[in-house]
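First the structure, then my questions, so here it is.
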Amino acid sequence: MVYLTRKEHFNAAHKLFNPKWSKEENESVFGPCANENWHGHNYDLYVTVKGVPDENTGFVYDAKKLGELIRTKIIDKLDHKNLNLDVAFLEGQLCSTENLAIAIWKQLQPLLPANATLHCIKLYETPRIYVEYFGE
Amino acid sequence: MVYLTRKEHFNAAHKLFNPKWSKEENESVFGPCANENWHGHNYDLYVTVKGVPDENTGFVYDAKKLGELIRTKIIDKLDHKNLNLDVAFLEGQLCSTENLAIAIWKQLQPLLPANATLHCIKLYETPRIYVEYFGE
Amino acid sequence: MVYLTRKEHFNAAHKLFNPKWSKEENESVFGPCANENWHGHNYDLYVTVKGVPDENTGFVYDAKKLGELIRTKIIDKLDHKNLNLDVAFLEGQLCSTENLAIAIWKQLQPLLPANATLHCIKLYETPRIYVEYFGE
Amino acid sequence: MVYLTRKEHFNAAHKLFNPKWSKEENESVFGPCANENWHGHNYDLYVTVKGVPDENTGFVYDAKKLGELIRTKIIDKLDHKNLNLDVAFLEGQLCSTENLAIAIWKQLQPLLPANATLHCIKLYETPRIYVEYFGE
Amino acid sequence: MVYLTRKEHFNAAHKLFNPKWSKEENESVFGPCANENWHGHNYDLYVTVKGVPDENTGFVYDAKKLGELIRTKIIDKLDHKNLNLDVAFLEGQLCSTENLAIAIWKQLQPLLPANATLHCIKLYETPRIYVEYFGE
Amino acid sequence: MVYLTRKEHFNAAHKLFNPKWSKEENESVFGPCANENWHGHNYDLYVTVKGVPDENTGFVYDAKKLGELIRTKIIDKLDHKNLNLDVAFLEGQLCSTENLAIAIWKQLQPLLPANATLHCIKLYETPRIYVEYFGE
């Protein structure tokens, strides 16, 4: 079993905001992250798949194809977007990095073949804050 | 003459948008950067001052004080903000990284002492794109 | 279950030195790290907590609060300090990065809530050497 | 149990090429990586060992000795080499990063003492692609 | 005047080898870099242009277009190639990083408009070695 | 004219302390950097030389030789040392990063050949603070 990781990135706007709360409650909990005019990040996304290297290629999965899969299924839907307003697969969810990582997992997991199963979504919000989700 | 550089960072939303143009013209020129719902970045800001090290401290300028100056005068006004809507010193300007660097220069330059003059504002929009402004 | 990691840093002096050994024995085992006049490092500290994201915030733990906890309980006691002389919670211990990571775990673990348990202390001594401790 | 990681690096040429296939088949599967005139990478290698810190040193393993072991047993055989032509321990294998990580594990694992067992070989082919192998 | 920099990268094989010298002389001067079976690198390329930001866009030059120019004119000709064998614009030249930077300058300089003149080619051979060329 | 830069690093202890001042004055000016028990850093040192590439090698200067020069003349004297106590060429100087960069320039400048003159000493004290000295 070998783990293969591919890094991609996207830039997006968002705010942390719970629609069940007042503006004051949101500001009290989320601080400047609740700014109603939005803020944004350069997100770094690491996708890890695991499997046994193929006998004919030496690959768990073709890293070039993995990059294309991530870009067409995830990056194209998130890059230069507003995560609260523009992304169908995030609709109705709080825009935390935790929830974003889980949502990316749910998008990618069904698209990977049995011999290269999804192992981890690692998502940097800033160079000093990141989350990891392993599917359970 | 020694050059001292201090790095700080901020996260912000913006869009590239010329109000003299139609939505279509803006999209044609700025592409996804014109998304009317905004996008955002983790900006890295490098401020360089130059001078002769002080005889009693060995400092061109106290790096701790330089950090505080940048944070109170620049970062506090940009971090978790919308650059098009929330920042008085950017009002009426196109929100390119070039213009942002020039605007930061204009804010900081008058605040530095004669023996530690501002030399360069270097601003990363993404890890792969940055601008530098030397005041002329 | 989602894992949230926050990076902080501190600068400190130390030496590797076993008081049960002679100066020669220490130099033989620890080499230049035993320099009696000390040396030092810029340490990077990554603290990982794990839990289920809260329904109302989307957070495993507020990353801002995690940063404040790390800074007040760990960084303030280590930054610009001599690890062999100035730190109560390291007293009587050999100053290896391994031992330092375990000691940081012991300080932080009791301070975290049940829904965001400590998962890993990762500590870089240099950009090329780091240790990880998972509490067992 | 503490995990200690040491980073080393090497520069090498290789191509992805399955000798059982025609030139066209290789190009179809491996794309530009099959260039018969080779291409190359700056590989970053992270070796992680695990164990209980020694009572007299505080070390799982002396990081300096770990570096020397990696350099003499691995780096000296890979650095400035052609991975397909010059490396005895890669002979007859497809030159994927996955296979290279497994081969490095097989070289290093028998050389480590019982109290600092090999835990992971992590190998960056580019800053955006890496693999990990845990020995099983 | 503002300076805009765009980073791109490529992976390539090469060797340092002066055809006027014997194999022994080459090995004596270039050491392992003269390995006749080649070695390779992940090159990082930084291209800096300078100019006055355009009144209607705020751009010195569109960073997206600059990236496309670098990729089509430079990266496509160097990536996954052998610098000694596969690159028309390097023919007959010694494959040092210095010469490569000058050759990239000569390719790009005529393609840039008068209002965004080429200022610097900065080329990393490894994370610890880079060269800069300013056109004179 | 091409500029060649080589990065090296060292770890050292120091304190900021002016012997003409009282302990209180030192603490007032230098804050925690004046800790009498020392603190330390992982310093990154970038040395830039400039010249015309040699016709027979394509080199401004052999990067390998430049690395050896920096290591034997600078790194060996600073690494795992106390900058205030252990370094002959820093004796009697305040231990600021500015002064350290100037002192390194003075050590290296006479050792470089006429065709590869020293251009810049760039010294990182932390990942967020660095100084540059160009010899005048």
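Order as written gives the chain letters A, B, C, D, E and F; numbering starts at 1 within each chain.
The rule is short, and it goes like this: a contact is a pair of C-beta atoms (placed from the backbone, for glycine too) under 8 Å apart; a residue touches a chain by one contact, two chains touch by 3 or more.
None of the values given here were measured: they were computed from a predicted structure.
Asks: Tell me, please, which of A-B, C-F or B-F gives a repeat of the E-F interface, judged by over half of the contact pairs matching in residue number.
Replies: B-F
Asks: Distance from the CA centroid of subunit A to that of subunit D, rounded to the nearest Å?
Replies: 29
Asks: How many angstrom lie between the centres of subunit A and subunit E, each centre taken as the mean Cα position?
Replies: Roughly 33 Å, centre to centre.
Asks: What residues in subunit E touch two or more of the other chains?
Replies: Within subunit E, residues 127 contact more than one other chain.
Asks: So with touch defined the way it is at the top, what topology do the chains form here? Options are line, ring, star, complete, other.
Replies: The chain contacts form none of line, ring, star or complete graph.
Asks: Between which chains is there touch?
Replies: Every pair of chains meeting the touch criterion: A-B, A-C, A-D, B-E, B-F, C-D, C-F, D-E, E-F.
Asks: Within their complex, state which residues of subunit D touch subunit A.
Replies: Contact set of subunit D toward subunit A: 16, 18, 20-21, 29-31, 93-99, 101-102, 125, 127-134, 136.
Asks: Which residues of subunit B touch subunit A in their complex?
Replies: Subunit B residues touching subunit A: 9, 11-14, 32-33, 35, 37-42, 79-82, 85-86, 126-127.
Asks: For a test of understanding, state which residues of subunit D touch subunit C in their complex under the given definition.
Replies: Residues 1-8, 53, 56-60, 63-64, 67 of subunit D touch subunit C in their complex.
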